[in-house]
Every structure is written in C-alpha cells, then in structure tokens.
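Next up: the structures, one after another.
In the two assemblies presented below, chain A is common to both, partnered first by chain B and then by chain C.
What follows is the complex of A and B.
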C-alpha cells in the first residue's frame, strides 16, 4: 500500500480588494507519497476552496509560473514533493505556502510580475542581431561552442522569479536591477550576435545596477535550475573592467583591492573609502571615522608589505 | 592541533579585537595557530571579477603556503573563507587552472596540490575540537545571556562550496556553540540573512536597511547580544548601528559580539581582555 498521511497546509490569503490585511487559512488533506505541492494545492482548490488563487501551467518545471514560497523558501510548486518538505516544517506536518517576496500581491499567491518585465526592457534583455532585418532567416550567425559554454547555464533561466523573491537587495529597494535581469544581461553581453552591448553596459553601470549586488548568494541558493547566478553577476562586472568603464564607485572599489594586493599584498583600509567614493564623496564617511577613532580603532596608514611580495607582483605581471 | 592561520585584512586593522580574543583562548585549548604572514588579501569578493585568473593564482598561492607547512588553514572571516574555498574548488576541479597557477608559484618554491583544507574557526571548534571538550573548559557559563545568532552569508552560501556544514535555510552550528557555552538562544529569522557589508560604500542606504532589519529583530526578540562568526558582519551591525536602526524607523541598542569573544567570555576572560570596549555599541 502506498504511504499516505494527513498534511496541514497553512496558506497565505489576501485579496487587496476585499481584505484589510493578509491572513492564513489552514487546510487538512490526506496526501500520498509522491504528490507534488502543486497537485496538493490543486486538490484544495478543486475540492475545498475554489477561491484559492495561484498561477500554474506546464506542471513540469519548464514554464516558471508556479513559483511561491514553500516553508519560507521560493520554489516551484510543481517540482517540489510534499514528502521532501516535511523535514522543513516548523510545526510537524504543517506546510506553509506564501507568495514570493519583493512583489505586490494581486491575490493570494498571484503576484504582479510587471516590474520584472520592465527591468528586462530597461536592461535590453534580448539580442539585437548583426544580420540585417531583410537577411534574417536567410543567413546564419553561428556561435562557436567555446562561446556558448560561457553562457550555456544562463540560458536555462525560466524567469520563475525565485531569485528575485530571495534577493537581499530587492528587499531593500524595488528599484534594484535584480539577479534575473543581471543574469540575462550577462547572457546577452557575451553573445557575439548582439550589437547593443555598449548601450546595455551603460545602463548596467547606473545607480541600482550591477554594482549594487551585495554578494549574499541567496539567488544562487534558490535558483530552481541551479544556475550559478553570481558567476554571471561577476561576469558582467568583469566586462566593465575589460571595457575600462572606470566611472563608478563599484569599479573604483574593486580596483583599489586589486592595486593593494599587487603593491603590498594587504588591503590598505585607511584609504579604501576615499579611493572608492572620491574626496568629496567620503565626507559622508566622517561619522564612521570618528566612531572608530573614539574607540582607538585606527587602520594602519602604512601597511606592512608581506614577505614574498615580488612573487605576488609576478602573478599580476603574468596573468591578465 | 596545529593550523596555518590566514590573517584577514580587517582583523589585523579595524577589528583587531576579534583576533586578540581568539589568540587568548586558542592557547588554553591547545590549538596552535601559525600565522600566514606571507599570505595576501583574498580579494574581498572583488578580485574574482576584476581578474578571475589573478584571483585563482593569489588564493592558490595563499593555500599553497599552508600546504608547504603541511597544515590545514583556518580563517575567522566569512568572506575570506568563501574566497579561498571558491578558488580551491576551481583549482581542484580544473587541472588546466591548477597548472597555470603552479607554473607561476613554483618560482617561490610553492605548489598547490589541494591537500590543505580551508576551514572556518567555527567549524574547527565544532568538528575538530568538539563541543563536548569545549564545554569541559568553561569556567563562566553564559547562562544569564540571550543571544541572537547571525551567521553571515559567506559561511552558508553557496552551500555547494561549504562542505555540508550547515543547511543555509536552517543553520544550527552557531546556536549549538552558544548553547554549549551555557548561553540562551532567541528565535531569530534574520540569522541567515545578509548584513549588507559588501555594498556599504556603493549603496549605503540599501545596505544599512539590511543590517537595520536584523538588529531591530534581535531587539524585538529580547536578545542581549548578536553574535557573529564574521568580522565584516560585525562591522555592519556594530559601527553602522545607529544609522541602520534609524533607517528602519527603529531605535535602541544591541551589542554585537565576535564568535571569538563569546568563547573567551565563557572561558573566563574579562570584557576588557576581549576588547568588548573597542566596539562602537558598548
């Protein structure tokens, strides 16, 4: 006989047109081992409460529609097994279902996805081909395998929004570019068929763009396709270095680290703010500096050079 | 027990109290740390994109210095941990990159083979020393205090580089340590969230909102201290605390302790010896 047990689903409910604030409904249903979260909530919608709202389509982890937070983590409902979630429950056999974070809620788990589309537009997330319009379909632009390998993983993105929902910077500012738009940007910037990388890089370099990622790796951890999103984010920044786009705090900050390692081996913390923000920009750092001074915590102005620095310098000479 | 100690830049300048504290009690526990004085900065999660190959060579060299001593490597900074383990992963899985690095560092008499492990101080206490043994050494159990455990990102994520130490969604090792030191742990949802340190200089407003939310939650949870295994998280949570709390329309005060300081307290060292007076929030 198949394994079967009673599972409680604690489901987020909110209809902004009718409810003053969100609440949770509890549903107890009998679930067999092997059933996905999506099938379980479909059962609730079909047999218990037809007003329960969420998106789904392919039911096979391809369309990216059914992303929601399951026991607090953004995932696809269609590829998540109920049984696999049981060890993650805060209360025994109670699975929490909530909408993704960082979105406006339309109803229950249905979120307003327009900001994602707007960001994909803003950062020119498509290929504008070299081949003339009239020759499209007649000529081919072949991609060498070595080039495709660079962005192969990035092409797996299904825009489910799990990274957008988990992103630390998105919780701070909805204006932030988001991991998924950075991933798409990387994929397009590295595509030799494309002609608009310069325009794209210019927008990426603006405020709320590529330099605002705080390297928390929540996007990488949550990606339902296991895409190394941080490699793509660092890849876009690497592109800024390759193109010599020096006019940003992000560039100058990273450049300062590189120079310090090359010259003494260690970071010269006393001047990192000035080198990142410029003299005028660093005025805002004065309260921080005073606080450190009040505790007698002063970074060394003269950093001791490490033994063996000549070998470190060779690394920088020999490798680009 | 003997390790090569990887010196993080912040711990030898702005946050010296973290290492001063560690050096007090590692001796008591019989843990010998040999400082890697020839080691360089790990790149602070910048060098990996300014030049991925230089990043590999610099950190391959750092680890090779430990290999030459025949020792595993310890760090007490999360970002150094990630940088070193990231480089190690690439060097261990891509032979052509290992060859590239070895070709350069052989002039210094170094070779990267992959035999030295890169560990965090927290992992060493738990896996190598053992909490049972540590508990026997306690002279001043932290029973009076409630702690909010703040892990910091780069000891948890990406989990593929962290050797299975903690589930990034449900970490427990830091709380395990606090409990074994006699301390109490508060429920703290921010424990696996980000402090915003890495963008403090380029997006301060957004960054302090992250640290502000965590501190605010710890205050609401009734914690006496936040404890963190990362000096960068410490800086974001302590030195920017006033501004961070104001940013999330909150106020109050939360003392932030380094991992090495809570161990020191439990082992009987005074607040002054452990440099608690060096913090901005005291």
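What follows is the complex of A and C.
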C-alpha cells in the first residue's frame, strides 16, 4: 500500500446567490501519494461537500478547464500532485485552493471566461487563408519545417488562462491584450498562410496592445505547457520594427531607450515621457510627475555618460 | 426566442466543422453552437496520434482503396462499406482543407504533410501535429468559427431534443451559469456531443463529460441507436485515472509484468509478446488480474508497464509525454519505477443511427462524430479514423443541413416540454431523496467494468443488467444536494449520470443479445465471429414505457467479401 497522509484543503468559497462576501472552507482528508489536486477535490465534492464548484473535463492536462490558484499560483489541478504542493504550503500540510486572478468570479473556482474569447476576436486570432474558398482542400501549402518551428511552441497553448491570471499587467488593466492573446497573435503573424497580418499588427499597435507588457515574466513562469511566451511578445514587437510601424508609443519608447544608451550608456528618464507620448500626451503624466517631485523622486535632468561608453558603442556596431 | 436555422449541440471537432461548413454553404443562415463546455475544452482535444488520409506523401503507393479496406477489416466487417468509402475518399480533402485553414501539421522535408504508421494500416497514412493532433485541429476549427462569426452558447446543457414525429422542432437547454431552462426552436438540429465510454468511470480514458448526453436525449426522443455494445478498451490506461499510456511505450520495448515478476504476455502471444493487438493484450491483462496475479491498491488491481531497462536517455528522448503523464498522474517516474496500468474504456463505436449524410429518421435531425453510428467503425475503430470521422461527417451533415434547413418550418416547442424539464430538475432537490450521486456513479462504473467489460458472458451480462436496473431504480431517489441555480455542478453531474445509466442499459442488453465475438465485443461463451447469425447491426429503441427494445438491420456490403480478421 502506498504512503498516506492527512492533508488540509483551505478552499475559497463564494456563491453570489447566497454569500455577501467570499470566505474559506477547511476540509481534512486522507490522501494517498500519487493523487492529483483535482482527484483530491473531487473526493471532497463526492464525499464531503457536493456544492463545491469548479470546472474540470479531460483530467489529462490538455483541455485547460481546471486552472485555479493552488497555494497562490495558477496551474492545472489535474496535472498537479498533492505531494508536490506540500513544500509550497504556508502552513504545514494546508493546501490553499482559490479561483484564478483577473477574472470575474461566477462561483467558487468557476470564473467568467468570456473576456478571453473577446480578446481572441479583437486581435484577429485566426488564419485568413490565401486560398480562395472554392479552392480549399485541393492541395496543401508547402511549408518548410523551419517556418513551422517558429510558431510550433505557440500552438501548444490550451487557453487554460494561467498566464492571464498571473499577468501583472492584466491586474492593472483588464483591457490589456493578455499574454495568451499575444501568443496567439504571434502564432498567426508568423504563419505564411495568413493574409491579415497587417490588420492584426495595427490592432496590436493600439492602446492595451503589444507595447504594454512590462516584462515581468510571470506568464512564462505560470505557463502549464512551458511555452516561452515572452519570446512571442518580443516576436510581435520585432515584427512591428521590421514593418516600420514607427507611429506608436511603444516604438518611440523603445527608440528613445536605444538612443539614450547609445549616446550616454544611461537612460535620460526625465524626458522619456515626452519622447514617448509627445508633448500633449505627456500632459496627462503631470500629476504623476508632480507627485514624484513632492517625494523628491524626480530623476535628474542631466545624465552623466558612463565611463565604458566606447564598449557600449562597440556593441551597437556589432549589432548593426 | 426566434428560431435558428440550425442549432448544433456540441462544440468539438464534429460540431465546429459542421458550423463552419453550414455557414460556408449558406452564409445567410442563423446558426448557433450550444455546448456544455467552452469549445476548446471539448474532448477532441485529447486525440493525440493523428488523422488518417491516403495523401501518399510518405508511401507513394498508398491509395484510398487501401484505406477503405483497412477500415473495413479493422471494423471486423461490421462497417457499412459505402460509408467507409465516403470516409476514406473525403479524407485527403478534409485534411488539406484543415491545413489550408491553418492547422499546423508536421511536415516532411519537401514541405508536404508528414505521415506516420498506425495500428491496422498497411501504409504510413496518419497525418499528425506532433502528439497533439486533436488539440491543434480543435484550436484551428475554433479560430475559423470565430473568423466566420459563429454564435456560441458556451456552458449550456442539453435537456431534450424536440420533434413532431416527422421533423425537428429544436432543443430544450439549461444555461449553466444562471440555471435558466429555455426552448431553442430550430429548423434543424445537429447532435455532436461525443461518446459514452465515460460510463465505465474509473476504467475510462475519457473526459468527465463523455457521458453520451446527445445519444441519451436522442434515445428518449424516440430515435434509434445502433451498435451500442461495441466499446473499445485500450490495454494500458493509468491505474488511478484510466488515462492513456500510448502504444508507443510498448513499441519502444516496454514490458508488461505481473506480481510474480513475469512477462505474462508469453502465455498469450509468445511471438508478438507485448506488441499483440490491442484487444488481445487487454484480454490477457484481464485474465492475469482475475487469476490473482495483479498488484493491489486502493484504486483497484493493476499490472506493471516496466520501461526501466530502456534507460533514462531513450525514455527522455522518445517517450517524454508518457513519462510526464506517469509523473503527473501516478507520481511515478518510469526511469526509476514501473508504471501502474490496467485496461481502460477508450472509445464508443455505437451511437445515434444515421445515414451517410449524418441524417436520422427525423427530418432535420442529424448526428456527427462519436455520438453517431454511420457506421464507419463497425465493431472496432482504427486509430486515426476518429478525428477523420468528425471532419468528414461534420462537413457532410453541416452542408446537408444548410441546404435543407430553409425548406423546413420549425414547429413551436410547447411550454409543456420546458415545464417537464423544470419539474424534473426541481424534483432532484427534494429532501425526501436519499441516494448519493457519487455512490451510484461508482457502482455503475464497477458493474460495467466487471460485467460488460473486456470479457463478457451471458451470466456476467445478466448480472450486469440486473445491477444497472437496480441503479436505475435507485436513481429515481437521487438527491441534488446543491440548491443553487448558479453553476450547479452537482446538478449537471446527476443529469450526466442519468444519461450514462440509460446508455449503460443499451450496452449491456446489446452485448447480451449478440452471441458472438466480433471486434471489441468478446464473449467467452461465444468466442468466434458468427457471420451467419450476427453479421448485422444492433438497433435500440426506447418504448413508451421507457423500456429498451432491440432489433437489427443489415450491414451494407460492397466489393469486400467477408474474411477472417488476421494480422
């Protein structure tokens, strides 16, 4: 017989029909080694409290239904072993189960998923084929393995929402495109069969689009399929440079950064806002700037060149 | 609600392909896809291996005829030969169409779609996207449906299919997020709700929702079901979850070992050993367990699939997915420990009786994919033909429905039909009811596994039917303990259990009636195929008293004569 242990599950509860605010329920069950979080909470649902609400479907890590926060981190309940979570417990043998972040809660761990689909629609997350409707199915495109490799990892995405839940930018604005939609966009932009890349790039270039990512890398950490999402985000940005899409805050921001480093090796933070947003755009930043001044956090206007600037210049030359 | 021209129930490969094709056939139609899960969650996503099509990219001498023959032979000659021909003839077309629309098929060096060998096929015919073909096809279909603006009703549960005895009226559904029950009138209804192999519960590789909802609703609506007794078992499911460890593990040289440390396949297939055909290996494991040579655990008896002798390098390079599955779901790393396995119910060949357009006997009602029985799989499905079936018949049914819907007038769905569902659902919450859902579900799975599993006998099946009827009786007293209208998963589980019980009875009754062994159906008391008596399809109806009645219909033959099935 396998090793067994008493485990406590501290589970988030909220049913808007009955509860004015969320609370936590505690369940103690005996768990055998090798049991997943999903099987453990299924046991609780079957034997202790049948009102416990969460989604699950394939139970094999491919459908993406059972994403939830386990000990504070968004992951799939079906591929997570109870035993592996024990070192992540804040209190000994107490596993916390909560709904994903950045979604509205429908009930307990069930969240409103529709915004994900709206984002996929907004960013034209499909291939619009080159081939005319009446000619579909007649022959296949010849695609070199090399092209396929570029977006191969991106096609692994199961839309589980773990990156969406962990994304720090999503937390500051639900209008943000989200890592998963950026990943899909990258996958489509790099697909030679598609004909609407230009339209897609235009939408990506708008507010809440590809330039808003803050590189916190939490999406990469959270991805249950280990997809290098940040490479895809950089990928669509590079595509913007390649296509000469200079008319965006993101482009200007990146350009200003590069110019500063090239000339002094340091960022001239005091003017970065003006250079990114333009003079009129920067007016909206004034309250923020005044607040910084009042706390004595305003960056210096004059920036000293770093001693090793010639080496920096060499790097730029090499890049060229 | 304004009537829809077409309502598609189910958003897996079949449902979404039908939606896409229907809109392409007639863009003016009002089409809705209703699904109990968000589209990309559908069980199509779990298909790994690939989709068969005689593209002849890899083996230049592959032909559509060879594909047809392999399919018919694989079916143990129970497939309808005209249907199998349509399946294989359309295959290159639908696979290329999916490619044209963005499916990321793996490539050969010349840039064409790559193909791999698969069980029961004479040639390298299986097109694939790494080992996640179903997932990528499902994503591509969802993307295309978004492109075309298909209207999705996600998290709506099918309660009943409505018709007037001649033509479709629509469906009654429940909005799972609000609990509201509504009629959705339609000129045409396409059922695409997937298979029923989850009724074996812990002994199944299927998604939790593969409970045959559409098939059970069709049965209650008076439609005919076909060949329900045929359920395919895969030899190597994981002990606790029933999830699949693909044949690749044995292909690379894995051993099957009993509790005496013996490679027991030497008794059953001395030459082929672990690489015997699926049904034979499943049967052998079953015998070993029954004779006390299995390992014990809380999750039931099991065998060892031992890969350790293959070495860490080979396991990591060639079987990474399998290793991950064993680690994730059993907590066992195959490099250090044997994988605990047992046979698992994996695919249901039976389903709603339809013609080669996916059309039922009622005008405007269709079924496609695993919920249907055309029949292209007969008594045993070939790997790589299930994804193919959803694409081909999704397309054909979608087109047929789109061409014919405008000529149908939708009858109004009576408030009585809606009321009936409302009353039934209210009744589940009554405090006098005492039966527990989980208990009935587990007992159903156990009796099916024990009595209508891999090996079947008259005695076992009679016992199975008796126990299913008891469970059916006890179900009348089942209680939904969750009183909320908001996303009441306890209620959905009970509704799914109702469907599984109804279909379990058809599986067991069909298996008892069929006194022969054919494909996935093995009768110990009738160990050989009996073409004289049983070369025919089983047909199931539910009568007014709710009883299951059986009849048969002939198999459509073609140019392939009956032969003994040998590999």
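Methods note: the second predicted complex is superposed on the first by the 267 of 320 C-alpha atoms of A that agree within 3 Å, B and C clash if a C-alpha of one lies under 4 Å from a C-alpha of the other, contacts with A are read in each partner's own complex, and residues count from 1 in each chain.
Following the convention adopted for this analysis, a residue touches a chain if its C-beta (ideal position, glycine included) is under 8 Å from a C-beta of that chain, and two chains touch if they have at least 3 such contacts.
Not measured: the values here are computed from a predicted model.
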| item | value |
| --- | --- |
| First, second, both or neither for A:218, with chain B first and chain C second | first |
| Contacts of A:51 with chain B and chain C, given as first, second, both or neither | second |
| Partner chain(s) touched by A:121 [first = chain B, second = chain C, both, neither] | second |
| A:62 touches, of chain B and chain C: first, second, both or neither? | second |
| Touched partner set for A:273, first chain B, second chain C, both or neither | first |
| Chain B versus chain C as contact partner of A:158, first or second or both or neither | second |
| Partner chain in contact with A:132 - chain B first, chain C second, else both or neither | neither |
| First (chain B), second (chain C), both or neither touched by A:106 | second |
| Doubly contacted chain A residues - partners chain C and chain B | none |
| Residues on chain A engaged by chain C in the complex (per definition of touch) | 1-2, 15-18, 32-36, 39, 45-47, 50-51, 53-65, 78-81, 83, 106-107, 110, 113-114, 117, 120-121, 125-129, 131, 133, 136-145, 148, 151-152, 155-159, 188, 191, 193-194 |
| Of chain B, residues touching chain A in the complex | 9-10, 12-16, 37-41, 43-54, 57-58, 61, 100, 104-105, 107-108, 153-154, 157-159, 168-170, 193-194, 196-199, 201-207, 209-210, 213, 239-240, 243, 277-280 |
| Contact set on chain A toward chain B in their complex | 72-73, 88, 168-169, 171-173, 176, 211-218, 220-221, 228, 230, 234-235, 237-238, 241, 248-250, 253-255, 257-258, 260-261, 265-267, 269-270, 272-273, 276-277, 284, 287-288, 291-292, 294-297, 299-300, 306-308, 311-312, 314-316, 318-320 |
| Chain A-touching residues of chain C, taken from the complex the two chains share | 24, 37-38, 40-43, 45-46, 55, 93-94, 96-97, 99-102, 104-107, 109-113, 129-130, 132, 135-136, 139-140, 143-144, 146-147, 152, 154, 177, 205, 207-209, 240-241, 243-244, 296-298, 325, 328-332, 437-438, 480-482, 484-490 |
